Every structure is written in C-alpha cells, then in structure tokens.
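The data blocks that follow each hold one structure.
Look for subunit A in each of the two complexes below; its partner is subunit B in the first and subunit C in the second.
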Partner chain A sequence: MDFSVLLTDLPTLVVVIIGVPLVLAAYIVGGEYLVRRLPDKSRPAVRPWIWVAPALVLVTGFLVAPAIGTVFQSFQDKNGVFIGFQNFAAQLAGFPTGGAWIAIRNNLFWLIFYTLFVLAFGLLLAVLFDRVPYESVVKSLIFMPMAISSVALVVIWKFMYAYQPPGQPQTGTLNFILNTVFHQDPRTWIQDETPLLGLFPLNDLALIGAAVWGIVGFSLVILSAALKGIPGDLLEAARVDGAGEITIFRRVIFPLMMPTVVVVGTTLVIFALKAFDVVYAMTNGNYNTDVLANRMYQLLYNSHDFGGASAVAVILLLTVIPVLIFNLRQFRAVEARR
Partner chain B sequence: MASVTYDHVVKRYTADLTVVKDFNVEIKDKEFMVLVGPSGCGKSTALRMLAGLEAISEGEIRIGDRVVNNVAAKDRDIAMVFQSYALYPHMSVYDNMAFPLQMQHMKKDDIDKRVKNASRILGLDNFLKRKPRALSGGQRQRVALGRAIVRSPKVFLLDEPLSNLDAKLRGQTRIELQKLHRDLETTFIYVTHDQVEAMTMGDRIAIMNAGILQQVGTPGEIYDHPANLFVAGFIGSPTMNFVPATVDNGTAKASGLEVTLPKPVGATKGTLGFRPEAVTDRVVDGGPSMQMKVDVVERLGSDQFLYGQVGSDQVTARVDPRMKVDPGDTVRLGLDTRSMHFFDAESEKALI
Partner chain C sequence: MTIAVASPTSSTTARFSPRWLSDRLGGFVLHVVVIGLTVAWMVPTIGLLITSFRLPADISNSGWWTALSPPFKFTLDNYSQMFAASNLGQSLFNSFMISIPATVIPVTLAAFAAYAFAWMKFPGRDWIFLALVGLLAVPLQLTFIPVTTEFVKLGLTPQHLTAIGLPPFIPLWLAHAGYGLPFSIYLLSNFFRALPSDLFESAEIDGAGTLTVFFRIVLPLSVPAIASLVIFQFLWVWNDLLVALIYVGGVATVAPVTVTLVNLVGSYGQNYQLLTAAAFFSMIVPLVVFLSLQRYFVRGILAGSVKG
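Presenting the complex of A and B:
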C-alpha cells in the first residue's frame, strides 16, 4: 500500500486525530461550564440535553433528514417535479406480477420462512446444546457464519447449489447428494421456480435457506441465554410436580422464553423486510427472486429512477416502522422483568 | 402416606468427593423428621436423592415398600417445597397450585375443589389470580406450600422453606407448619440448618455433619443425651460449655473445676460438657463449685447470661436474672451434675 498519501494529506489526518476529540472535549467542558452558571433548580433539566445533543444532531442529520428527503423524492419525477402518487402507482401497478409485486410477494415469503426457520432452528439448537458437553465450542461453530460477509456467504452457497447437467459429475453439494444418495436428476436450485406445496418457489426458499444459515447463530445465542436464565429449581419443581420433559418445555420453559422469542422474532421480521445482500449477490433479483430492497437498489443505480426507488423505500419504511415499535416495546418489557 | 427408608445410601460425585456417606435412617409413616446440620453437610443432597433430583450412588431408598432408586422424580408421588419456592412466574397463584394436579390429568372440577380447599387453609383466597411477582415473601411461601399440599402426596419434602422469611414470619410459619402436619397426617421431611427449627418442629431429628449421620432421636433425647461432641455443640443456644479435663480416680479435673463423675468412664483424658443452665448461682452442699471471673453480663429479662473465665476456660452460665453481677466481678457458681457430659478425647463420643 502507498502510505505517501498519508503524508501528503497530513494536515487532514492531524485535524481528524486531534481536532475531533478536541472539539468534543471543548463541547463537553463548555457545556458543563454554561450549565454551572445556571440557577441550581434548572440544572438537572438542562444537563442531560447537553449530553444527548451530539447524538441527536447526528441522528437528525444522517437519518431523519434523509428519510424526509426520501419521502419528498417519492412524490417527484426525475426532474424534481411534484407528481403526486404516480411513483407509488407505478410500483403497485400490474398486480400480481408487474411493478413491485414480485418483490412484495418474495418479501412476504422471506418474512414467513426466514423468521420461522431461524426461530425454530435457534430454539431447537439452544435446547439441544443445553445438554451437550463442550456447549460453548459447539455454539461458537454455529455462530461462525455471523462473522462472514454476506457476499462470502453467497459464494459458499453458490457452491452448495452449483448445477451441472445430468450425467456430468456434480460439483454442487446438494446436487451431489441428490444424485448419489437419492439417484435423482440435479436441480438448478437458484433458477428453479417450481412451487413447493403449490405456492412457494424453490429458488426463493434456496435463497432464504442460505440467509438462515448465516443468521441462525444470532437467534441461537440469544435464545440460549434466555434458556439459561430460567432457574434450575423451577424445572426441578416441575419434575417433582409430575411433569415429563416435553411438558416441562411446553408449560414452563417456552412460556418463560416467550418474551425473548418475540424480541428475536420481530428483529428477524425487520431483517426479512430489509433482505438485500443475499438476493443481490446470488441472483440480483432474477428468476423472480427480487425483494424490495434489491428493487430499490436496481431502480436507483440501474434505472436512475429516483422517484421509483424512493417510493419503494417509503413502502419499506412504512412496513418496518410498526414492527420496530412493537419490537422496542417488547424489548423494554423483557428488560423490565429482570 | 408412607414410611421412608434410607438404606446404606451413598452420594458420590467423584472418586474423592463423597457428600453423603453410608446414610441409614428409617422415617416412620406420618412422622415429622428434621434433617439438620451445618451447610454443606449433605442434608439437602439426602433430601434431593429422595425427591429423585439426584442419582443415588450406592444403597437403597424406599418409599413404603417400594425401592425408588430407578423411579423418575415425576413418578415418586412426593411433593417438595424449595428454599426459593420455585413458583412458576408466568402462572397465577391458582395455576401454580393446579399444575401438579393437571399433571395427574385430574378433572377440572376436582382440581378446582382441591385448589380452593388449599387456598382456604393457607389464607390465599384473595390472591388466586395474582402472579407470584405481586406477592410478598410470606405469601409466596404459602403458595409453595399450597402447591405441595393439593396433591396429598405420600411424602412431603421441605428444603429450608423458612430461610427466606424474616424472623417474625418464620416464627409464625413454624407453628403453621406443625399444625399443617397434624391436619394432613402425612410424612414430613424437613431440611434446615437452624437448630431452633429442628428442636421445635421435629418429632425426631437426624443430625448430619460432613456427610455422616451423627445421631437420630427426639429433640429431648438429642438435647439431654447428645451422642458426641459435635451434636452437643450444635444443639442448644448458647452452646454447651466444653472444658478439657483429665480423669483421675473417678474425678474429672479441669483448670478451674473438679467434679466427681457419676460413673466410671474408662478414659483419662476428655472434654467435660455442661449446658449454661446446669451452672447454678448456688453451690449445693458437697457439690462441685467454680470461681468465675465475669467478662460480660447479658440481661434478657427472663434470663441472665454470664460469660467469663473459669480457670483458663471460657464458660457461659445461665443464672437467675435477680442475681446481682457486674462485669469484672468474681462469682462462685455451682454445677448440677445430673446434666453433665463427658466426651472421649480421641473419638469425641459421649461417655456420660
């Protein structure tokens, strides 16, 4: 690497390393100095604001303002002319296959299966690992995919799903198993839109499967912590009270884990609604696997349709906000119980 | 209702960690048996083996005539009250008590009848819809009791159930538990480290130390005839006085005291033991006497305790509260030899 750029830009570097902390320190010291000059009574009311103000400024500048800008843009055409709901109308036209509908449908699939699988596997693994020696080692293994970049994850799963025509040696893991163990023809996992149960396209599920593998460690770790938080003597009491292990799980363990399950579940719902990276890297939305976030990206950078992209963003935002509020409330409820 | 038998029971965690050693007790039907001992003595482990929460390493535990070594906890038909109460936090008081009955697939009406009955006995009628979180410690404790009594179990196990209550409530609950035991006519096995609970509640007491059963007997037997030095020191408050003594020709000599032993002990060295109340403020004619240099005087109204030196030994005396003594005084005290003990120096066993 060429470090000379650091030298040529030395003044900037100095400003960043020394100036930024200096400004922050000056702000705090100055703020505190001003607060002390206030009468005793009003100090407690003012002081917290001094401390949260930088965060508020950052959030407003980098989150709230752009969000409002996006909302404005969603009502404008390419030239910035106000066109009312036309962008939304374009995105929501041609039900069920036109506009954004395929993406909306797929987001719905993601919402259902991604959330369900991650929760179910996480819960199952948490309960099983609770009884396994070397639990922490095994858990770290499951958690490992969380450390991988989504693009690397997609590369791995492209190998898993790789397809060679029938008769040729199968390089993809799944097709190899399908071929040698079940003696079936290989499938094109990420292109095959055959609906399972007459409704859910195979390739959608393949994409969701890869994403689930990447995130299941997250739900495992949190659910496992919740499981460990249940006092052992509760389970012993249930045993003495005559309950079998399955009944204990159903009547004691699961209800006590429920608040955590809900928090993890709603977090996953938000993840599912925001799904982008796996789809973008695996199919780029082709073969009818598009999702809203990917569509937004395509509209923005390929079609330069700022209005359309903003409209999709607003649709996404409006769906996420209620879930987010519910999630925060639940999280607070869980914390309040501690 | 059933008897419980521990037959040469051993609990071993690893080759060199044995927490219960060769434990033999027979608990009679409808008896209130208290397992008492200092913390870590294995009393809770003994109870948990009976409950089926710990595996039995060696020996046999029988409930009635049935060997339960390989019977799962849920099939032993016992009820247990935990120190932490272990109430299900997500269930109402009613559901907490109904839970063991639901596990037996009892009919709803019968469950309702039993829960209502238990809540009436325990005074929980107004709290049935509440969650445990919204109850006080004493109320939670009663819910835990209620959950145990609704089942009419064969045996009732209580693991330090009073230790989380304040002193006043503990006193009340002690009496309530005894009443409950009388009304239910069930075998109670009660684990505690508190000798007062043991003395006041138990039909019989089993004292454990370091995994070994020291003595089993009624509170009176244990108080008056402790089997060894440990039991003598564990039971009674203030504790029994122990003074080292040598025996010569039927007379035990301590540093500030000489007593003629009521019977030969066949040992030359040992420990003389006498309870504070055996020390009298009057010397009986011809009886033993001692000079005590008083360090501390505790006047409790009904009692007066003197703590002081007799010879080179520390001695506690319980004397008449009207006796006028001040710290620093030297007083002459007598000793009632009828409640005196002598422990062997080697084995620490009681010889008298």
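Presenting the complex of A and C:
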C-alpha cells in the first residue's frame, strides 16, 4: 500500500478543508453586509432569500429539475412521443402478481415493519441506555452497523442467513441457532417465501431485518439526543408538584419528544419507500422480494425502458403524498402553538 | 428473586425513572438487559470480524464460531491480499477529499436555510418547506441521467476539472450536497423551531443582528443536532457507492474507498473473502468520526439557557 499520496497532496487537502468553509462563511457575512445597506423597509423581504438561496439552487438543480423531467418522461414512449397513461397501465397491469404489484406489496411490508421495528428498538434502547453509566460505550456499539457500507452489510447478513442442507454442519449463524437450540431444520432465509402469520413472507422479513439492524443506531442517537434535550428543571418541577413518573412520561417527556419521533418516523417511512441497497445486493428482487426503487433501477439500466422506469418513480412519489399531508398538519400545529 | 432494588434516582438528576421501571429493571436486571441486547446486536459484526481472519476453505466449510475452539487456524492473508491488490492509500485520500466538503457544504447551507425557515417570515415559506420534505422521497436513481448529461455539458467532469486546475471532486461535492440538503434542512429547522422564542426576543431587544443571533445563540444551542447531522451526512457520503460510481466511476484517481473495494471482488465473486477484511478496513474512519463527535450529545443542552 502506498501512502505517499497523503504527503504530496496534503496541501490540496488543507486548501480544500479550509477553503470550502471560508467560501461559505464569506457568502453569509457578505450577504448580510449587503442586506444592511438596503433601506430599512426592504430588509425583511430580502434577507430570508439570502439565507435560503444556495440551498434552493442546489436542491433545484439536483432534485427538482430532474424529477420534473421524469414526470414528463412517464407520459412518453422511447421516442419522446406523448402516449398518455400507457406506461402506468403497463406497470399496473396483472394485479396482484404482475407488473409492479409485487414491488408495491413489498414496499408496504417495508413501510410497516421497518418503521415500526426501528422506532420501537430505538426508543427502547434510548430509555434503557439513559440509565446506565456506560451509556456511551453501548450506544457506540449499537451505532457501529451505521458505519458499515451497504455492500459490507449484505456480506455480513449473507453469513448470518447462510444455508446448508439438513444434516450438514451449518455455516450460517441463524441456522446454527435454529438447529442446535430449537432442533429445527435449517431454512433458506433469503429464498423462503413461507408467509408468517399467513401474510408476511419470511424472506421479505429477513431482508427488512438486515436493514433494521443497520439503521437502529440512527433512531437511537437522535431519540436519545431528544431525551437528553428535555430540561432537568422541568422534570424536577413536575416531581415537586407531586406527579408520578408515568404521568411525567405521558405529560412531559412524551409531548416533548413527539416532534423528534415524528421527524425520525417520517424519515424512516421515506427510507422504507426508497429501500434499494439491501434488496439490490441480497436478492436483486428475485424470490418475489422486489421493491419499487429496485424495479425502477432494473427498468432504467437493464431494460432501458425510460418510460416504465419514470412511471414507477412517479408511483413512488405518489405514495409519499400521505406523508406530506401528515407533515403539513404537524407543521401547522407547531406554528399554531407559537 | 432477590435482586437489589436500585435506589430511587436522586432528586437532582433529569432521568426518566418511573418506579415500576426502577423496581423491575432495578440494578442487576437492567445491566443484564442492556449488555445482552448490545452483545446480540454485535454478533453479526463479530462473526464477520472472525471470518476475516479465517482461511477461504474454512469459511465455506464451517461456521465462524468453530474458529473459537482449538485448533486455532487464524490468518492475516485476507488483509495482506487486500492491501496488495489495490492502491488503497490513494482511495483513502480521495474518500477524505470527497467526504469532508460533501459534509461541510450541505450542513452549513442547511443551517442557513433552516434558520430562515424556522425564524424568518417570507412568502411561500411553508410551501417551499413542504416541497423540501417531499423531495426527501425522490429516489436518487431518478436524477442520475439528467444530472450526468448536464455535468458533461457544463464541463464538470473529473478530467476537465483537473485540466483547468480545479479539484476533480467538485461534481461529487455538489451532488452529495444537493441530495443531502432536504434531510439536513428538515432535521435542523425542526430543531431550530423548538428553541424557545424568548431567546430571540431578548436578543433583539439587546440589539443583536441576524448574524449575531445565528452564530452566537442558534448554533451553540444546536450543537447536538448539528453533530448528529454531521455524523450522518459523513457516513452516507463515506459509504456511498452508487453516486460515486455514476459520476466519477471510471476515473481511478478520483475513486473513493468503496469503489476500490468493490473492484477487489471479481465479477464472478472470486476473492469473496477479501470483502470481509475490506469491510473492517472501511469501517475505521466512520467509527473514529462517531466516537469523537458523540461527546456533544450532552444531556440537557437547553437547560439553563432561558431563565425560569
């Protein structure tokens, strides 16, 4: 391994690390300087735009404009001719197993289980860890999977789910436990579509489980920061007033943590809708584990079906509308309280 | 069971400690639960760590736990092969060159914007904010083709940028900033909005300007939120494979660690065992970042900043 590049390119690194923040600071200080030279009246009208402009420009360039292009493309065929809803019809044909329906079904499973498990584990661990002196150690250990790239995460879970036929020594951790502790036949976790509770295929839950394992550190860290953000005096005052601990949780802690739970929950719902990495690397959508993002990727880069891919993307965007409405109401509620 | 019941939490701490929780999960049981859950969570990682020190033949014939009993047959081959196979020094450097600005730019711009969304009034504010939340859901794959086309038109390719003496990483900085901004703004403005408005009113009465309020009041109070955000954005960029592949994929001098590591594995899955070593090598930097920033997650950061 050759680390000499670290010496020769070090000046570049320093320039970049110092230069970038310098440019950013110069922008906002310069902008504010210009605003102050404006007449008193127009300052409040101009100032907000100085603060939001760079973010809006980048977001427009990288997300809004390409997304609008995609919506247009979903109504066009390969030659850019307008064909109405044909792309959507092709994707939504053959209910319940054809077209994009399996992917839609699986996204629904991801939405329910991924969000629920991650929030529940995160909240449970945050409350438990808050009460032990070695909190930072256990928190770091739970967070560790967050530091692993999805490529590595899939390698790890392929070892967890590895399958050997019954009678042979098992190489997968889960099948070893199943075999030794519960005396059951090993299962092919990633391929086994046996529905649990008559509804949820095992392999879907296996993929979701791997993703949950990787992301719980995310909800733990944010929820635990919110827990710590609750001022001690507030709890103290409630205690002095004679409130029991359960009342304190219901009336003080829970309402104060609610905005954070909503932020984390919304983010997780969106992660669930966008789920891609684990499915792509683990099964590539085979064994009926496909999800919308993976389907879109396949249509785009394998079939070069731009119209179909765009239609799937638009379906994905439509599923987000309920989340948007929920956010709108939360946002308005917070505004009203001010 | 005769488990020592934890003494009631002293009255000065801010802990959430319902009596039923203290009684049932008192002392010993609490520690067993916490440590048990943590160990269970670590099993997959430990399995991979041990696997990375095993011979390829053993990996495919027996589970990693068998390596824990004699005869011990550990090897460093996977690691030495990984280091020999590629120029990891260059790609480690590239990863830093990509990740640091691609974290600093979106977090800073998001802080500016979130401050405006939370505490300034302007026409269309709520709708723009909602649009940003909606953008969280735009799958990145959707944007690759239009953005790549634009990059080529504007000359924002690694080759062209190197030729005119600019860092070849600029396309990745901008792309990661654009993709990271909706989440960053969303997280920070929710945090900023929760700051007590008394703070701003008293600062205004004292005649403090917008910049002073932002840099002296908002930012210091938001250190936990910003630290969390820095960690997440850094991890996402550091571990990103897809964006790097799409925008600078073919250029070895610009490739980050993830791209180099994926290239280690042959297209038919040979050298599979190298990935076990590679996974651990690529984890080091993100873990250091997390461990060095987590001390900012301090309890009660807001306590005492507003008088009674």
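In this text, the second predicted complex is superposed on the first by the 239 of 338 C-alpha atoms of A that agree within 3 Å, B and C clash if a C-alpha of one lies under 4 Å from a C-alpha of the other, contacts with A are read in each partner's own complex, and residues count from 1 in each chain.
What we mean here is this: contacts are C-beta pairs under 8 Å (C-beta built on N, C-alpha and C of every residue); 3 or more make two chains touch, one makes a residue touch a chain.
Note that the coordinates shown come from a computational prediction; the quantities given were computed from them, not determined experimentally.
Q: For A:E236, decide between first (touching subunit B), second (touching subunit C), both and neither.
A: both
Q: Which partner does A:I28 reach: the first (subunit B), the second (subunit C), both, or neither?
A: second
Q: Between subunit B (first) and subunit C (second), which does A:N179 come into contact with in this model arrangement: first, second, both, or neither?
A: neither
Q: Is A:P48 contacted by the first partner subunit B, the second partner subunit C, both or neither?
A: After superposing on A, A:P48 lies in contact with subunit C but is clear of subunit B.
Q: Pick one for A:L63: touches subunit B only (first), subunit C only (second), both, or neither.
A: A:L63 contacts subunit C only, not subunit B.
Q: Residues of subunit A touched by subunit B versus by subunit C: which partner has the larger set?
A: Tallying touched residues of subunit A, the top partner is C.
Q: Touch test for A:N107: subunit B only (first), subunit C only (second), both, or neither?
A: Touch partners of A:N107: none, neither subunit B nor subunit C.
Q: Residues on subunit A in contact with subunit B in one complex and with subunit C in the other?
A: Touching subunit B and subunit C on subunit A: residues 231, 233, 236, 239, 244.
Q: Enumerate the contact residues on subunit B facing subunit A in the complex.
A: 51-53, 72-76, 78-80, 82, 84, 86-90, 99-100, 103-104, 147, 151
Q: Once bound in the complex, which stretches of subunit A touch subunit B?
A: On the subunit A side, the touching residues are 231, 233-234, 236-244, 247, 251-252, 255-256, 258.
Q: Under the touch definition given earlier, write down the residues of subunit A that touch subunit C in their complex.
A: Subunit A reaches subunit C through residues 1-6, 9, 12-13, 16-17, 20-21, 24, 28-29, 32, 36, 44-45, 47-49, 51-52, 54-56, 58-59, 61-67, 69-70, 125, 127-132, 136, 138-152, 155-157, 159-160, 169-173, 176, 213, 216, 218, 221-222, 224-225, 227-233, 235-236, 239, 244-246, 248-249, 253, 259-260, 263, 266-267, 270, 273-274, 276, 293, 296-297, 300, 306, 310, 313, 316-317, 319-320, 323-324, 327-328, 331, 334-335, 338.
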